Structure formats: structure tokens, C-alpha cells
Amino acid sequence: MGTQLSRRKFLEIIGLTGLGAGGMAALAGCTTKVTPAAPSAAAIRAATTPASAATATAMAGMAMHQSSSDQSGGSADQMTPDQMDQSDADKIKQFLANMQSPITQGKGGLPLQYELDGDVKVFKLTTSAIKWETEPGKWQDAFAYNGMVPGPEIRVTEGDKVRVILTNNLPESTTIHFHGLTIPNPMDGVGNITQPPVKPGQTFVYEFVARPRGTHMYHSHIHSFPQVTKGLLGPFIIEPKDKSSYPKYDREYTLVLNDTVLGFTLNGKSFPATEALTAKQGERILIRYMNEGTMSHPMHLHGMPMLVYAVDGYPLPQPYYCDTLEVAPGNRYEVFVDATEKGVWAFHCHILTHAEGPDAMFGMVTALVVT
Amino acid sequence: MGTQLSRRKFLEIIGLTGLGAGGMAALAGCTTKVTPAAPSAAAIRAATTPASAATATAMAGMAMHQSSSDQSGGSADQMTPDQMDQSDADKIKQFLANMQSPITQGKGGLPLQYELDGDVKVFKLTTSAIKWETEPGKWQDAFAYNGMVPGPEIRVTEGDKVRVILTNNLPESTTIHFHGLTIPNPMDGVGNITQPPVKPGQTFVYEFVARPRGTHMYHSHIHSFPQVTKGLLGPFIIEPKDKSSYPKYDREYTLVLNDTVLGFTLNGKSFPATEALTAKQGERILIRYMNEGTMSHPMHLHGMPMLVYAVDGYPLPQPYYCDTLEVAPGNRYEVFVDATEKGVWAFHCHILTHAEGPDAMFGMVTALVVT
Amino acid sequence: MGTQLSRRKFLEIIGLTGLGAGGMAALAGCTTKVTPAAPSAAAIRAATTPASAATATAMAGMAMHQSSSDQSGGSADQMTPDQMDQSDADKIKQFLANMQSPITQGKGGLPLQYELDGDVKVFKLTTSAIKWETEPGKWQDAFAYNGMVPGPEIRVTEGDKVRVILTNNLPESTTIHFHGLTIPNPMDGVGNITQPPVKPGQTFVYEFVARPRGTHMYHSHIHSFPQVTKGLLGPFIIEPKDKSSYPKYDREYTLVLNDTVLGFTLNGKSFPATEALTAKQGERILIRYMNEGTMSHPMHLHGMPMLVYAVDGYPLPQPYYCDTLEVAPGNRYEVFVDATEKGVWAFHCHILTHAEGPDAMFGMVTALVVT
């Protein structure tokens, strides 16, 4: 689920991106008067060489005021154009601040440690009803595995023997379905079909061999609506036994898409509390999409195409390029991005109503920062 | 549209699945106390061999009570967790009962017999307004071809001369468009463009040569909303002239997806009145998806991947695997499933609100039963 | 954005399609009594030869009355079946009239001329709030580039140096994002991230080198909802430097899909004000789809399949055929259609509620006329 940036690392990025004094000033919260201007001769020259795109003016427009969006109040209809811009700028400021240190409490999708019982990897998941902060100050009633949304990431290798011990501390029954795995039927987690509901206070044990390789998910499969959109989901990654059979990459990110009960979220957070992806120029990154929501989300990355490599864990016979990938509920995709272009690249669902409110961006918006 | 199981056949399946006494008891309607437990050493061993997955405990949780869901009344908000579980279990019980003998009246998509007029295959379709039972006790106002929803399946061979005689007994005009067929323009069935509306009491005759091969549809093309979602649709299968050009398979199913007017349906029925698909372990099944609704439906099969072979009747240059296939309105897909895993595998639209109500599964849910 | 047909050309098409006296009478507005009848022996013979499909009876049902749909008033619920048919027929009549001369004011997507500044192609875009007529008499509050919806088409060649001068005459801020282009980050047009908002009365200059080749778009990227669905979008076509690397075709059309604020539109117009596509039998046409709306639209062409060649400007490793192509928001597709079949072929979004109202077709409906 991405990498939490240290302040040192963040400043290093700032330095590398050549954001310069204007950007630093913006991040420091001061107000910068911005006059739109034609790009310099240098900029247009830079534009002719793909990988050397100057990002000197990136973020230059982020004139940040101390006024919070709360003060503006009211809806966009009541706002002046300047207030609308300010509202948007305030959120961007929060998003950048989130790159330094979290602006909301709680982080989902953290790696889940296992214990070995002989040759069986034992993972423990406990459900509970919690309050989850999806954006600053917005605490919502959620259901969580191990207190986080998405639930912790389970990561094993093809062929591993796996045991998942579920303890249900919810006020209602639940089960776990391992979505995408080929699994013995009694372990498939469908309430009242392959197993009894796991009632409040009960424990259920799943055991199986991890297959096939790929990007999968686990989630509730009884009363799954609203349970899944309320937070009962997590990534289940099965790495290939023979790693040489998989393309090389430098870093990876998982993006769990969700909607409805907790709003439009990426990894359990709404913009501006979403986490940016980062890469160094020249790196290849792997992005694992998972849609746990109730709507298709066409994810659009600015600046660089995505190479669609696998769907639901199965490599495509021939990967293909696109810049917008519609991810349907239940689908997972593995895509590669060659981080050839420096800058802060917007990355969002292209259903505009999932990403843009009446006054500012919100919901399924993040950025890929290439330094 | 699948195979209606006889009671004998159903019991045979039960035997083959090794459901055992617990499952039989559940099916007989008695109450079984279920204590969640870790799988046995045998189970985890079984899990290591793909095709021998033990299904001994499959369905073991289906403790069935005689109380009907009608008695519980109220919404999920007013239910206790136990009542929610019971409501879900009651529906599963009904679904299993439907495998033995129909729990609703009416069955759509039955094969339509033709008469030969020289070398022309003559099919007769008559529209009428009917009451259609989509789930037990839920009778809805529908429009039907030959009294069924979906309309009867027309199945011919590439190159066949086909005549379809439409008699309209609806209270309003209609036409038939043969969706996916390459057809002379005057036979294309678009009201007021390629033909006059067929008014109440009138007859219209369509004649054409069947091409191209593949999974196609026929449906109304005037006042098509709401006519199509009200039931005026049916499968139109054109088998290849050279059958050796098509992959071999052991049995086939058609799944017509629909929504809106009659609710979320598979072949005109909502869970628990949907029909299960069945296969014997080792068989390859062909599933033909057709979306006649107004929303995309990502169909998810548990346990085994789908090999996507053809879209709209056109074989893909390279088939690919997935476990969730988004079927958009108007699209048809031909997918193959190798029934390698024994058990009762849930099979549903992964838009959870199309498959899971506040208290229990409903709508676009069925199962693939591998014995 | 298609070709505006002259009256001469239109009559030529009528002649070529063999619409004959009945069709001409219909187009002239007179009332034709239509008696449905079985096709003649000739028709069924014609049906056996793909490319010679008789279109003699195409449009024969379009009995057109002078009464306008306004006179009928009321909703479909209050209409008699004959009134419903008439309402539909009236709209078709308008659609056909639109092929002769525009039935609404304004046409979007016209080619934008550039000026050369040295070797830089300079395009000027000015935004303004306008009234836009999406269907006859339906004037809506829109935002436009250069007074049209969609904005004018920018068309350059891979590697061209491009300058776009944006002047904002809207009452609120805007920016331009060049969706699909690989571009220096400061030119990416994301308000408050890569540049400051362009406030009312301000000008901003974008400069970059055009790449990669393909079918792209430009649109607002601040307050983008509702700005984009209100009209701030346009096609951005980058032709390949080496044209021999691209398949040959005889004519091309762009179809910009949009929804929400201005309704369901193709190139800024709703049926019956949409423009028909035309082709001569034997021609190959290129269709460029772009979705600028907030919903996926499965576009269905009757009569002939589409060969899907490229997504988001990137050629697929292996093109594939379909007859219904779901275009998600943000995606672009390049598809080829071989115009083998003569006639008037309906062409529409297959989400029926985007194409069919209670009484008649509307919204995302047009036709491909092959003569």
C-alpha cells in the first residue's frame, strides 16, 4: 500500500523535483501571487526531449492561504470564483502536507505478519466496528479487519500452506471469501453455502494452499453489502514461485478502489487524505488495482501510459497500453508504468463526479510524483 | 438455458458431492447446530491437490428452519443478527429446493422449434402482456415472447435461411431487432427506420440468412425501454457451419442478464429462483453471457477461472483468463470453464447491490455445482 | 466530426439507397399508409448475398405527419399506442431532415485553424458561457471553447511543436488538460497542481511537442465537474508521422460521448439533432470514440462489426471485432468499420435509458448510412 514518506525523504523529493523556492514557500503555507505567463524558451525546448521535462513551475500555482475550507462554508453555488479556487487550493495543500506526515489517523493495507505452525503460515484477522477517518475530521462508522481499512495485506508465495484465523468481534455475522483464489469449496467463505455464518464472538479457521499467483482480495461474503463497502476487505497477494517468470520492477503500489458507504476512496482514504505514489525517474512501477466497490472506476494516470499486464492475476497473452483503465467491481489488474516523466502527475478516477466536488477535488484522487 | 434437474439427478449430485448426512438433514429442513471448527488434517492435505478438494463440509452451515422469511417481516435494520442469518439461510434453502423442482412458475429461454418451408426454417414468435414470477410469490407485469421471459431460444446454423413470424398481441407496437446479426437493412427491425411499427394485432415477417456465427440476441427495437427490460428479449445462437472450427465442450449454459423493470435477473429469475449450473468434474462448460439490461454486470465465478473466448460472436485473437467478467449492455461473451473443482461455487454479479440485500442474497446470484 | 451533407448529396444518397417513391413521400412529409407484409422472394434471395441487401423497404415505415410532438403533449403514460408511434416517427423525421440541413443551431468539433510562429503551430481557444441548442428548441446553459460544443478539433502531426493560447471569458476559473498527451508537467493543466487557475479575463499559454500519436482530448481540469459535462472539451488528434504505419481508410468520424449536464449527447447534440455518419458501400471508415461524460457508454452499431484497433491512441497488439463497444469515461478508441452493407443502420448507446424515452428515441442515437 505504498510507502509512507519520511520528512527527510519528502524534502529530498522536493529537492529532486526542482520545485524551488516558490514550491517550498507554498508548502510552508505562505501566500504566493501567481501571474500566468507563457512558458520560457527553455520550457519549450525541454518539451522536445521526453525525459527531461522541466518541472520548475510544477506546483507554482499552489498559492496557499491559512484560511481553512471550513471558513468558507456554504456550497459552490454561494461561492465566488476566487473562493472556489481557494477551496481547491486548500485541499491540494492538505494533500501535499499528507506526503510529509499523515493528516488523518489510521492507515490501511499494512503488511500482516504471519506465524509458522510447522510449514503453515498462520495469519490472524479480527473484525470489529470502528470509527475510520477517511478525510480530515470525517470520522465514519466502519467495519475493519485488525482495526484498519483496507484490512492488512496478506502476502504469500504460490504453493504456500496458509491458515487464516478469523475472530468476529462485529455485532453481526461475517465470513471471509478469498476472491480469486482456487480453494477447497468448504474454505470458499460463502455464508450459508460453504460454511455457517461466523457469529459475533465466534472464530472460524480457513486453511488452503495459495494459488494461483496474482493480485487477489479477501472480503466478507455474507451480508457483504454493506459489509465490504464498510471496510471488510483487504489485498491478498500471491507471488509467483518462480520470480524470474514475472517482469522486473522497482517498486509497487496497491490501489484498492471503494465507494458507497465510506465514500469514494483509494486505500480507505479520500482526497486530500490519499497517499501519493512516488517513483524516481527511470524506475518501473507496478500498480495493483482492486475494485471492492459497487461501481466501475476508470482510473486515469496523467503523463505516462500504463501497460496492462494481468487481469485477475492471469497475465494477458499480449499486454497493451492505455492511459485510462476501467476497473470493474471484483476485477484486479496489474499494470506497469515506466516513470519517464518528472513531475506531479494527477491520478484519479475519470468519472468526474467521483473526483471533483462543487468546489474542489475530492474522493478518488491521488498523484504519481516522479523525481 | 441450463438443464432442469430431476429429483433423481439431484439426489445423485448430492451423493457425488459427498454432502453427507449433515447436508441431507439440512435439505430435509431440520435444524443443525453448527460449531465452526478448524479443518481437519485431511482437509488441508486435500487442499494441496487441486482437483480433489474435499467438499465434505460444503453446505454444512445450511441449518434450515421451517420459519419462512415472510414471518420475520421488517427490514434488516429491525432484524437481530440471528434473524439476518436466518433470512439468508432461508433463501439459500429455497435456492437448493429450486434445484429439485421449480419454486416459481414459468421458465424462459426454452428451445423454439421451427417448421421447414422448403429450405427455410420458420420460427413463430407471439408477444403478449403476462404476469411473470421472478421469485417466489413476486408476480410482475412483463411483456413476453411466447409467454416466457427470456423469450425462447432460436438456434440455427450459419448460412441457414431463417424466417421469423412476429405476431404482436401487446397493447402497444413492437418490432424485433436481431442484435449481432448481419442482415438486410429492411429486416433490421428498427421501428420507423427500417420498418413500420408492428401495431397491436399485426403480423410482420422477417427473413434473412443467419450470419455470422456466434452468440446473439433478439429484442424489441421500438419503445425498447421499457419493452426489453420488461421481457421482450431472447437468445439467438448461430452455430458454426464447420463445428470443428470451434473448441470442444461438454455442456453449455446461457445467462441472460437483465435489470430495471423486472429487477436483477438471470434468465428472467431472481435468486433464489435462479437455476444453478451443473457440471461433472473434468468437464468443460461453455457459458454464453448476454446483457439485455441497462447496467454493466461484472459476473464473478468462484473457484475456477473463465477463459474468455469470443465477444459478440467474434473469437478473440487470443483468449484470456479472468474470474470476473464485466458484461456491458448489448455485449455477449462466450467463455469456457474447466470444472476442475468439486463443490457448490457461488456465481454472481459483483456489484454487491445487485446480489445482496439488507438481509440476504437476492437478484443476480446463482451457483455452479461441480460433482 | 463527420461531414455536413448538402441537399444534393442527400438526394443522391436517397437515390443510391433505392428508397424509392414511398421513402421520398415520407421525407416530403406526407402520410403513407403502411401495411406490414412478408418480404418478397427477391428479398429473401437478396438476403443470401451479404453485400447486396435490398434496402427497398428501408424507411418505408416512416409515415410522417405534420403534427409536431409538441401537440401531443403529455407523457407516454397518457399516450395511446398510435400516439407513441407517431411521437417516435416524428423524431425520426426530424433526424432525416437534419441530414439535409441542420435542425439546430451550432455545430461543434469544427477544425481549428492554426497560425505558424516559426515552426510552432499556434491554436487559440477562448472560453465563454453560451446557450447551446442540443435538440430542436432545447437551449441549455453551456460552457464552450470558441463558442461550440464540443470545442474545435485540434489536429497536428506527431512531433509538431504546439502552442495553445487559452483566454478565459468564463465567470469562473478554468485550465486545459491535454488528456492522453505526454507533456511537460507544467503544461499538464491541472489547476492548483501544475499551474494556477486561469481566472476570468486571464490568458494562459500551453506549449509542448505533440506526442504520442492517437486520438486524444483536451478539457478543463479545475472545477472539471461540471465544466467538462457543460461543454469544455474537444478532440485532440495527433496523426502519425509515418502515415504508412497506420491502416488505410476512406473517411473518418469522431464521436464525442457526453452526459449529465447537457443530457446524453453525441458531438454535443441529442437525437434527433445528431448527425448521421455516411459511407459508400465498400469504403472503410475510421470512428474515433471519446468519452467525456461520467458514465460508460456501450456503443452499438447495427449491421456491421467494428474492428477495435487502438485504445487511448495505443494500437492493440491484436485488433478484435465486436458490435458493441463499451467506452468508459476518459477512454478513446479507434475502430474501423467496413461498410459492406447498404442501408440506414441505427447506431446508439445500448444503455436503453440513454437512447429511448417513454415515447421515442432520444439522446445518444445516430445512424450509419451506407449508400
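So that you can tell them apart, the chains are marked A, B and C in the order they are listed, and the count of residues begins at 1 in each.
The definition used in the following text is that a contact is a pair of C-beta atoms (placed from the backbone, for glycine too) under 8 Å apart; a residue touches a chain by one contact, two chains touch by 3 or more.
This structure is a prediction, so every number in the text was calculated from the model and none was measured.
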**OP:** Mind checking chain A against chain C and telling me if their interface is mostly the same residue numbers on each side, over half, or mostly different?
**Re:** different
Original post:
What angle, rounded to the nearest 5°, describes the rotation that places the Cα atoms of chain A on chain B?
Top reply: 120
Original post:
How many angstrom lie between the CA centroids of chain A and chain C, rounded to a whole number?
Top reply: 35
Original post:
On chain C, where are the residues touching two or more other chains?
Top reply: 296, 318, 326
Subject >> Complex interface listing, chain B residues touching chain C >> reply: 120, 161, 163, 171-173, 177, 179-180, 182-188, 190-200, 202-209, 211-212, 221-225, 228-229, 260, 294-296, 311-314, 316-318, 326, 328-331
**OP:** Would you pull the chain C residues touching chain B in the complex into a rising list?
**Re:** 34, 36-39, 43-44, 46-48, 50, 53-63, 76, 81-82, 84-85, 88-89, 92, 296, 298, 300, 302-305, 318-324, 326, 341-346, 350-353, 355-357, 359, 367
